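In what follows, subunit A forms one complex with subunit B and a second complex with subunit C.
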Partner chain A sequence: MHITVPRTSFLQHVQRCQNIVEKRSPNAILSNLLLRASNETLEIVATDLQIGVSSKVHIHIQDEGEITISAKKLFDIVKELDVDSDVELKTESSFMEIKSGRSKFRLSTLPAIDYPGIPEQDTDFSIQFEGKDLATMIGATSFSMSTDETRKYLTGTLFEISPEQGLQLIATDGHRMALVGTLLDQNVEACRAIVPRKAVAEIKKICEETQGQVTLSLGKRQVRLDAGEHSLTSKVIDAKFPVYQDVIPSDNPEEAVVDRIRMDQILRRSMIVANEFTHDVRLQFSNNSIQVSAHNTEQEQAEEFVEADYTGKDVSIGFNGRYLRDVLSAVQTERVRIQFKDELSPVLILEDGSDASKYVVMPMRI
Partner chain B sequence: MSDQLIHILPAHVANQIAAGEVVERPASVVKELLENSLDAGAKSITVRIAEAGKKRIEVEDNGYGMSAADAELALKRHATSKISTTEDLHHIASHGFRGEALPSIASVSRFRMQTSLQGSHEGVELRMDLGELETRPAAPRKGTRIEVLDLFLNTPARLNFMRTDKTEEAAIIEVMRGLAICNPAVALNLELDGRKRLSFTEGQNERGRVIAVMGSEFAGNSIEQRIEHEGIQISAHLGLPTYHHRDTSRMLFLVNGRVIRDKQLIAALRAGYRDVMFHDRYPVAVIRLEMDPVNVDVNVHPAKREVRFKSPQAVRAAIVACVRAGVERMGQTVSSMPTDQALQAMQKTSPAFPDAASGSFSYQSGSGAGFSSGGRSKFASGARSSNAADLQHLLFGAPMRESAHEPEAGYEIQGTLNLGTPLAQIHSCYILSQSEDGVVLIDQHAAHERITYEKMKSQLDRGQLAEQIMLTPEKWSPGLSIAAWLSDHAETLKTFAVDLDQTTEESFSIRSVPALLSGESPVELVAELVDACMLIGFEAEGRSRVLERWLGNRACKGSIKAGRMLAIEDQDALLREMERTPNIAQCNHGRPTYVRLSLNDLDRLFGRKE
Partner chain C sequence: MNFKPALGHEAIHVRFSKALEEQRLHHAWLLYGMKGIGKACEAMAMAALYLCEHRNGSEQQGAHACGECHGCCMLKAGSHPDFIMLERLEKKRDITVDQIREVLSFLSLTGMQSEKRVVVLNDAEMMNLQAANALLKGLEEPSGGSLLLMVCHDLMRLPATIRSRCMLGHCAPLGDTHMNHVLAGMEFSDVAKKMAVEIAGGRPGHVACLQDHKVVDGLLQWQALLKDVQRADVGDLQNWLDTHLTMIPHELIIDVALQEIQSQWDGTGSFTSRESLLKTMWSLAAWPKEVVRHSLRAGPALMALLLELRLVLKSCAVA
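Moving on to the complex of A and B:
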């Protein structure tokens, strides 16, 4: 293999791929990137056996070929190279020579034939979607994923496509749930997949960097994202996701509408004196106001009122303040609606004027 | 054929059956004979063993002996001088009371006994060979001498079950050590195939005997603690939390003068140490319990290795209270072991390893494994290490070595801790500080971990447990026996902020968990909690176990990592904070947080002093 690539775009692609490489993989070849040069294209591939990422750049090829090389070393070297010079890569028996300006490196390689590669596409249905929008939807839900590995199905985000609801993302850790949805103007079939946490994060990054549309494909065993030069394939979590429809309260009688930013600021202040591990705060809803209060075992206290559109009965509910703040920063609108029944039932938080996003938070008994 | 099928067994058959229970192995014979000698008021007893006891077991005492008539009676089943009524059975003060040992032993061996009653002018010699008794007069003597020859000669099955000589000898040594601690004033000698193996001198006090048995190193790494709790008197010799062991073999429990092996006692001892010891290490300790014999039933195990307490809770509480009181007193003291290891490493001389068998306990019958000292090989090469990682392992990560090395470095049990003035940080891991009488090395991560832990604990002690309600209740199927327990104890779990709903006979849904642990697996959490409650039966204990599990994790995560640079002011602040923190001597994984080298140690190191 012998190729020449512009340094800046090469760095970008190497970085994209080396992100998912496991730093301490027991299998040496998995800490490598696969470089494949053919048909005037360089393809860079990385995989941790769960997720595979591939990036393609159009380049000038002197000699076609494929080889694998340490992701970390390649990235660290290319990062340091002169910004404006081209990078020349050339294999020499079992080594790879990297040249740029006056710098020259020799790195050891492993043969491409041993590289696991990325599984063939195996998905059932695809949609086109604005990349930036998908990134936003992920950002508005991913905080609710669980980190408890004993409940695998909660450690990912459910991607669900249906003719009625369009695309919906749902995440829950068993204490709270986030759901965001957008209607689609395409004809769709119903399909769903639980996408693991790491893939969710990578999909978000790729979408953020992409101008325009991406293609999202879901399958029984696989989820795939194609975004311009990049594509990502990930295994899905093969488990049953909780029936989220049952969890969303539909008949909460009380509703308070409150300024989102104000509410968030008050929570932030109150939590300074809340128990630093459980972040428990109390919301006391009464006529036209919400009182937020917190205290800790050292008898320190905080108390603050915020105006709210509320005319229901007096109710006092305990929460993990973190959970509330996560919701408030995921929501976009100026005001939010908080719907509830009593101090022990699930609380629903909605944007003002839209029911497309739904956040359910379970109270805390404090 | 006669129509009567049932008949009374001949005496020697009955005795052999009893022997099956009482006489498992040579060590059981030694135990029974020693106990008889002790019951007979002997002040000095010598045990001689040939071929691990298979060939010959001889026990000679200077007790008050027996008359010829009594001696003959002693070989009959249920013949005893120690109790006579059922009422007596509730106040047993002697080792023996079943009147079974001698006839049982005699039924599976060739048995010889010479004795004479104290003050009498005649003696007697008895021989019993497979049920045939032979008696003849003998010269008067002081005390009794019993020989058991060819043990199990008529029960080949038993003989086949015999372990290696080493294992059987180990078991004999264990038995003798246990009884030695129970009877500190009595001289005890053991000879194995003519070689002296143990010798405990007459007239020792309790502490002296404990050290003679546990090894002199234990002296410098333990304290004595006595308390009384609900009529239970405990006198304990407690190893420092940093002086731990890999299994339960270095714990010894005496209940009213008997050596007892009991899961609940072990659990109680560990519970007392739990806060200061990593969960897979075990304390080293001797715990002596005295209580009204009415409150403890010794008649549950033929070899009397087990007892039943009238109130196990009270016993547990007493042990936990005693250990806690002890740990509090030694709270700031680090075992002298790391210092010794440091010196040895720096002196570039191989540490001297003692005979492996010294100072080790194991009462599991047939195990004998308590004699090897695991972890030793790690140190055998300790002398060459000089790089930071090795040193760290050597000083701070080390499981304790069993050695009879005499620790010279003194350590303060009470009084205020002074960690001196920090001089420098070493490899961003350790702080070197100069103290009044030498230098101190501090593991910054371990120290900070303990500080954080103690802080959070005191915060939580005062607070309520907040309860996070589940949005999606978790299913849990713990099995029938736990389910049954739960239906009686649903309220118990409520106090831990756990709310369970029984859905079927065997399954539950978990509706809430403690908010502190809401990130963890609800099923694991609840299972562990129920486990703890069932085992302990103590609500407050279970509660603190939940907290401690969480705290342990959190404290570790939130602590200063090794490898972080600390300004000299920060180092000083850390040291001062350590001086104010209870239990600072070890992190919550039981590793020491600091190691001292006195000027004296340094002088020795450079050869200025011997």
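Moving on to the complex of A and C:
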């Protein structure tokens, strides 16, 4: 392989890929990047055996070929090189020579055939979507993913595409659930995949960096995101996601509408004296106000009122304050609707004026 | 590393490859038999065959992995995304539930190259009860395409619930022809070769470390010390233990010791003294396992047994 690349774009692509690579892998080849030069394109591939990321740069190629090289060393070297000069990469038996201006490095390599690389696309259906919107949707749901490894199917986010609902992202940990949906302006087929936590975070990062549309493809054993020069492929969780539709309460008779930021501030203050493990706070709904109160084992207390549009009966519900705050920071609108039935039934939190995002929080017995 | 069926275990390999070919492969296989006879090699050969993209071989001998495709190359380099090998971590007494959870979490993800995923679980009997119970869940509800290959030296130490859910494959120690073939491939000095033949007992893995001349020298010294264990200087014994216990596999030390005791003892002694000698030899044979099982300090534990042996041998001589 013999290629010449502009330093700045090369650095960006190497940086994007090297984030994925495990820094302290017991196996040397897994801390490497795969460089593949063919058809006037340099493809940089990185993998941690669960997620694979590839980046493509159009360049001039003197000699085609493929090789793997230490991700960290390559990144550190390219980062320190002169900004304006081009970088020349050339393989020589089992070494790679990196030249730029007057600097010259020689790094050891490992053969490309031993590298896992990125599998071929094997997905059922793809949609085009605005990258920034997808990142926002992920941000509004990912906090609900479980960290309990014994219930693996909850440790990811369900990406579901259906002709009726469009694209929906659902995450739950058994105590709370977040659902964000958006309708699509294209014909779609029904498909779904549970994307693992790490892949969700990477998809979000790539979407945030991308200007314009991305392509999201879902399949039985992989999820794939193509965003301009970058693409990501990940394994998916091979399990059944719980029937989430049954969890969303549809007939909660009471509804309180409250200012989101004010409510969040009050919860933040009250939680200072709440139990530091359970974060339990009590919300007392009464005519046109909500009383937020918290106390802990040392008999310390906090109490505060917040105005709300509410005219129903008096109800007092206990919550994990963290769960409420997570929801309030995910919601975009100025005011939120809190729908409930009694002190132990699931509570539904919605944006004001839209039903696209639904957050279910289970109350706590206090 | 080649992925040919391990010598002496062809029958299991043929059974596996037939089942694979006829698409009726059981999801969990348990290979059991003595230590050092190539069970783990066979498990690797089976894993490679399962993951290989271009299998070859005949019907009688079973198919084997090509060793050249992308899958085989990744397996050799240890970078296959759909394969993990699990064994007891160094300085740990057993395989822990966290390790098993890692396996289950790996199996709950889909495969990257295809739907196939393989776990090789070495020293399966080292799992503690919690780990075994956690594994049981994975055994009862296997996800499509997953394959669990367990290797175990002591079948009865595994819970019956696990044994009953696996396809069992018994691996016997190697016969003389196979044994000579394997030993011929190793680089032994003359002394080492003689020693290897004496103590191998059909277990090539057991004597493979005799290729290192330091191990052979150590064992020769050990043999010399035990020639007259009743009168041997305790200081010398202690010195030997201090310098060699970390270098030489414990099983080899015991094999040489038992051989030496048997060759010395002429069968004299009262019934009780013979009984206690047998008991001491039994304790010696169990020492390597006890060290791991109860996290004992190997040196002092063996020294105590040697002192006991001296007393018993003396009482034999008096009687």
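Convention: the second predicted complex is superposed on the first by the 365 of 366 C-alpha atoms of A that agree within 3 Å, B and C clash if a C-alpha of one lies under 4 Å from a C-alpha of the other, contacts with A are read in each partner's own complex, and residues count from 1 in each chain.
What we mean here is this: a residue touches a chain if its C-beta (ideal position, glycine included) is under 8 Å from a C-beta of that chain, and two chains touch if they have at least 3 such contacts.
These numbers were taken from a predicted model, which means no experiment stands behind them.
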Using the touch definition from the top, say if A:Val247 reaches subunit B (first), subunit C (second), both or neither. first
With the two complexes superposed on chain A, say which partner A:Thr150 touches: subunit B (first), subunit C (second), both, or neither. both
Can A:Phe277 be said to touch subunit B (first), subunit C (second), both, or neither? first
Looking at A:Pro346 after the superposition, I want to know if it touches subunit B, subunit C, both of them or none. Which is it: first, second, both, neither? first
Which holds for A:Tyr115: it touches subunit B only (first), subunit C only (second), both, or neither? second
On the A-aligned overlay, A:Thr141 touches which partner chain: subunit B = first, subunit C = second, or both, or neither? neither
First (subunit B), second (subunit C), both or neither: which does A:Thr91 touch? neither
Starting from the residues of subunit A touching subunit B, keep only those that also touch subunit C in the other complex, and list them. 149-150
For the subunit A and subunit B complex, residues of the former touching the latter: 146-151, 172, 174-177, 242, 247, 275, 277-278, 280, 296-298, 318, 320, 344, 346, 360-366
Tell me, which parts of subunit A touch subunit C in their complex? 27, 29-30, 47, 49-50, 52, 110-111, 113-116, 119, 149-150, 152-153, 196, 220-222, 233, 235-239
Within the complex, which stretch of subunit C touches subunit A? 70, 73-74, 76-81, 101, 104-105, 108-113, 115, 143-144
So in the complex, the part of subunit B that touches subunit A is made up of which residues? 456, 459-460, 462-464, 466-472, 474, 497, 512, 515-516, 518-524, 554
